[in-house]
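Heads up, the thing below is written out as structure tokens.
As written, the chain order gives the labels A, B and C, with residue 1 at the start of each chain.
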Amino acid sequence: MMKIVLRIAREECRSLLRNHVAVLGTLLLTVLMLIASLNAWEHQRNSAAEIARYQTQSNHEFESQPDRHPHRMAHYGHFLFRPLNALAAFDPGISAYTGNTLFLEAHRQNSANFGDVRQSSLLLRFGQLTPAFVLQVLAPLLLVFVGFSGIARERESGTLRLLLTQGVSSQQLVLGKLAALSAFTGLILLPAVLMLGVLALTRESAWGMSLVLIAGYAVWLLLWSLMVVFISSLCQRSRDALLGLLAIWVVAIILLPRWVPDLANAAISLPTRFENEITIQKEYLALGDSHNPNDPKFAEFRDQVLKQYGVSRIEDLPVNFKGLVGMEGERKASALFNRYAKKAFDLQTAQNGFVDDFAWLSPLFALKRLSMSAAGTDLQNFRSFLEQGEQYRYNLVQGLNKLQTEKLSYVDDTTKGKENRIDRSNWQTFPEFSFKPSSSWSTLKTALPALGTLVLWVMLLGALTLLQSLRLARAIK
Amino acid sequence: MVNNQALSPAATSVEYVLDAVNAVAAYGSKTILHQLNLHIRPGEIYALLGANGAGKTTTLSLFLGFLAPQSGSIRVNGIDPGTHPAEARKQFAYIPENVALYEHLTARENVEYLLDLAGQRETADTIANSLAAAGLAPAAFDRRVSGFSKGMRQKVAIGLALARKVPALLLDEPTSGLDPQATTEFNRLLSLLRQQNVAILMVTHDLLSAADVADRIGFLEAGRLVEEVAAEGQDRFDVRLLHRRYAGQA
Amino acid sequence: MSTGNQMSKSHHMSWITHELKLLQRAYLSILALLLLLALSGLAVWSGLQEIRHQQTTIARLAPLQAEDLAAVAHTYADAPDAGYPAYYTFYSTWDAPSDAAFLAIGTRDSAPYVLRVRALGLQAQLYEGEIFNPELALPGRFDFAFVLIYLTPLFIIALMHDLISGEQQTGRLRLLASLPQGRQVWFRRTSLRFMLVLLSLIIPVLLGAVYADTSPGALAVILAVIASYVAFWFGLSLLLIVRGWRSVTNATALMSVWVLLTLVLPTLANVAILRAVPVHQGVDLMLAQRQAVHGAWEVPREDTMQRFYAHYPEWSNSAPLPQVFHWKWYFAFHQLGDESVAPQAQAYRAGLLQRQEWSNRLGWLLPGVAAQAILHRIADTDLLAQLAYQDQIATSTAR
């Protein structure tokens, strides 16, 4: 039984080898894959080096500031640069659409700036040539071109009838075609597997994530092989099979991925930074001016501190009250900023959830989720960078406020026109920023359900193909 | 022939290789064949003549196992193709009206591949002998069939049938579209197969060809086998009589 | 003479009726045309929605901004000098969508179209991003430009790939060719399909233009772009289908060309342009601006003021700085900080413009890129529009 399936598969492979479209298409795809991989890899290394250089420069500039008032340093601030995950070479995800440069300063939460999206012409909107793009968009199309006639051609030319009269069952035929297409799929996937393997071997990426990516893309291409065989077995003429498959490809891979995000944007709208800033500013001013220790908004805080230290005048405190007010103000402000940041991110996560639900209409949504989360280039990861950046900002500003509290006296600090500076060596006591990517577990929690969706698609198409193969035998009279 | 042994079909034990007894075929409520009785011995060529829609193709479908009879029985070398299609299909070779082959393969590769799918492996020599016996010029063995004429394609199909060494051959309009010379050559091939004890059923419009090669001719009319004529003596059939019979019904 | 004219006219009418009847029976073609009409209608509608959303956002922000200004003015009404309100006052700027923006949303999905800026340290604020979901922006928007550039060629391929081979496969080709003027039939059928595709695209655009009150000049250019792009694809299809290949081969060849022209070559070119014209000056600029601004605290204040007066002599006879902090000095060094990074800002901008120029040049080779560039220029939603908005912010705050 299996022997016949393999014989059919072998024959289909021979027919592919003699098919100019298949051979040229595969060559073109492989060349594109190589260009994409090399370019993405080099780009990734360059930007990693550039980011490291900028981060070092920024760290150095911070540490080498002269003696200063600590609060001046808090306004001088710090720059953080988002390090790229190694797997971004495979799927850069939203990297080009997010800023990589974050400016940290006191009393303010800035956006990450200088993303490619605002630095390139609209050419970027045609998509980016990356290994993920090749496998997500072009590989299914090649499978369509290569496999559309697999069964329809046998039916059209009458060889199907001939095979059936020779005792070959229609299931064997369908399985044979599927086996051949799957083998071809392996060929398409090979460069990507090699690339992911090299990244993992050189310890630039985790094995687990590379394996998740390989599994995801293997299931994705298997899904398309099944789709191609299914539609090919459904159509009387190979031309109908080709047009049908192209229509499915256009809808699932070109149309829906653009349309559904628009629906998500309309269903769940985001506030503009403009109005967020106005409301934040209003609430921020309501908190009181943390530069001014006499601000009535901090009276309660003052009483509490006085009580805690058992003194009656702020001048009698062992610490600089102005610094304490700064810390209290920053604490409240940061909570305020985080509340708004969380709200905006939660809305965006809800939008993404809205889009993900359409994976039942186009499995590409599931693959993208899997791919970007495993590559560490999804919104979740970007959010994690901003949150860690905010945490670093908070610690930095509070550290500087603490220096102000401990190293400067209240009287000096409130004397107008008096220069209050502390030693520059203090700037070197702050730890450097290091970004911790999401844990494998939290990545898997996002990636595995997406993989599950793809597997369900495969099972559904597999069942449909099997049913259709049974009908195929009856359709011949 | 060098390797005549390889080309001769398997010995048969039953009296009729292709056997239909009171077979009734219907699509839904529409009865296509009424009580068909057809008995073809090893080494016999039976030509089934009839107008379009008389039930010729349905008869073939019954033997091919594409259609199960509503009542009555169909046997190919003693096997019921309705219930044991895989076994039954080992007993016959079928040549459709328009021979479908794999266009990207050569004649030799086609035979090799289709034999393989039938569960049979033959040496290159055997395949070459079969193709030669079928009358295909050796120069064409290794050419792709996409450029072949209808006659050449048919030769490839007969080569396949010869290589399969089956006791029965089912032919659908084998001579339609062939020129007289090719038809004569084809009939010569059928005679060769008859010598090798193959039971042959051909459904056809071609009265002349049938009269030339058949041992018996049956007339199918609106799903009923209305008359059977057997070949007799030197002249075999009275062609004018047959023609009157055939044209009269149409 | 007049009867002859009439006859030719009625003959003229009849071929269209005949061809329409033929087309009507080809359900696939009718379905394709209706689908194209629906998609372009949907794209125009969703573009109008988006632009209306942006307009209402801008309108909503105006009172909010006024309220904010009043609050600041109230808080600092008795401030000792104008520095306080100036420091806390944000100017609202907005970039209203053009009357053709609904056809091509372009960068308006990710770049801010409303921005609040303070009068100081502009270079630190210009590059501020908008809140947008990058995952939604990644695949690009579903707007009319997308329907035209990506989808329309596919419909043309569907309509054209078996125009001749279909007749051949049904065996009518020799019959058609044997007729007098038999060759004209391809020209007629192609022009009919061309007109129908064009209508499917243009009807929604015209309706949208009436609604959005698009200027006739812009509309004319847009219609010309649509017609030429559609004509290009019909021409290309004709070039391929007259070669006598089978329908399947035609479809494969045309799709391959489409993939190359709209998916592969633009992305390859983008890679090349990004590599050829790197623009890390943006980050350098930010770093340098911060050094310049904060370094001012270490420089004697009078030096700063002298440098400021050298640039702005109209301020040079203002009162000397007091002993304590003065806003005048604060604003002066921020202004000087901005000016110190002017070369970097220039280089950054030059880099962006160079990228845009290379994309435009590419348009000569890739019609999709050209159509994209022209549509977004007319809609004023491209990189140049973004830069123009930044200029507008800079000049309005300088005042």
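Everything that follows uses one rule, which is that contacts are C-beta pairs under 8 Å (C-beta built on N, C-alpha and C of every residue); 3 or more make two chains touch, one makes a residue touch a chain.
Being a predicted model, the structure only gives us computed values, none of them experimental.
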Relative to subunit B, chain with the most remote C-alpha centre: C
Closest chain to global C-alpha mean, per-chain Cα centroids: A
Centroid spacing, where centroids are CA-atom means, of subunit A and subunit C in whole angstrom: 25
Centroid distance [mean C-alpha coordinates] between subunit C and subunit B, Å: 68
Intercentroid distance (Cα basis), subunit B paired with subunit A, Å: 64
Touching residues on subunit B, where the partner in the complex is subunit A: 61, 64-67, 85-86, 89-90, 92, 94, 96, 98, 100-105, 113-114, 116-119
Parts of subunit A lying in touch with subunit C, wherever the complex brings them together: 21, 25, 32, 35, 39, 43, 50, 54, 57-58, 61, 65-66, 68, 72, 75-77, 79, 81, 93-94, 97-99, 101, 103, 110-129, 133, 137-138, 141, 145, 149, 238-239, 242-243, 246, 250, 254-255, 257-259, 261-262, 264-266, 269-278, 281-282, 285, 344, 348, 351-352, 355, 372, 378-379, 382, 416-417
Complex contact set, residues of subunit A against subunit B: 4, 7-8, 11, 14-15, 18-19, 157-159, 161-169, 476-477
Residue numbers on subunit C that touch subunit A, as the complex places them: 28, 39, 46, 49-50, 53, 57, 60-61, 64-65, 68, 71, 75, 90, 92, 106-107, 110-112, 114-116, 124, 127-142, 146, 150-151, 154, 158, 162, 247-248, 251-252, 255-256, 259, 262-264, 266-271, 273-275, 279-280, 282-283, 286-287, 290-291, 294, 297-298, 323-325, 351-352, 355-356, 358-360, 362, 368-369, 372-373, 376, 382-383, 386
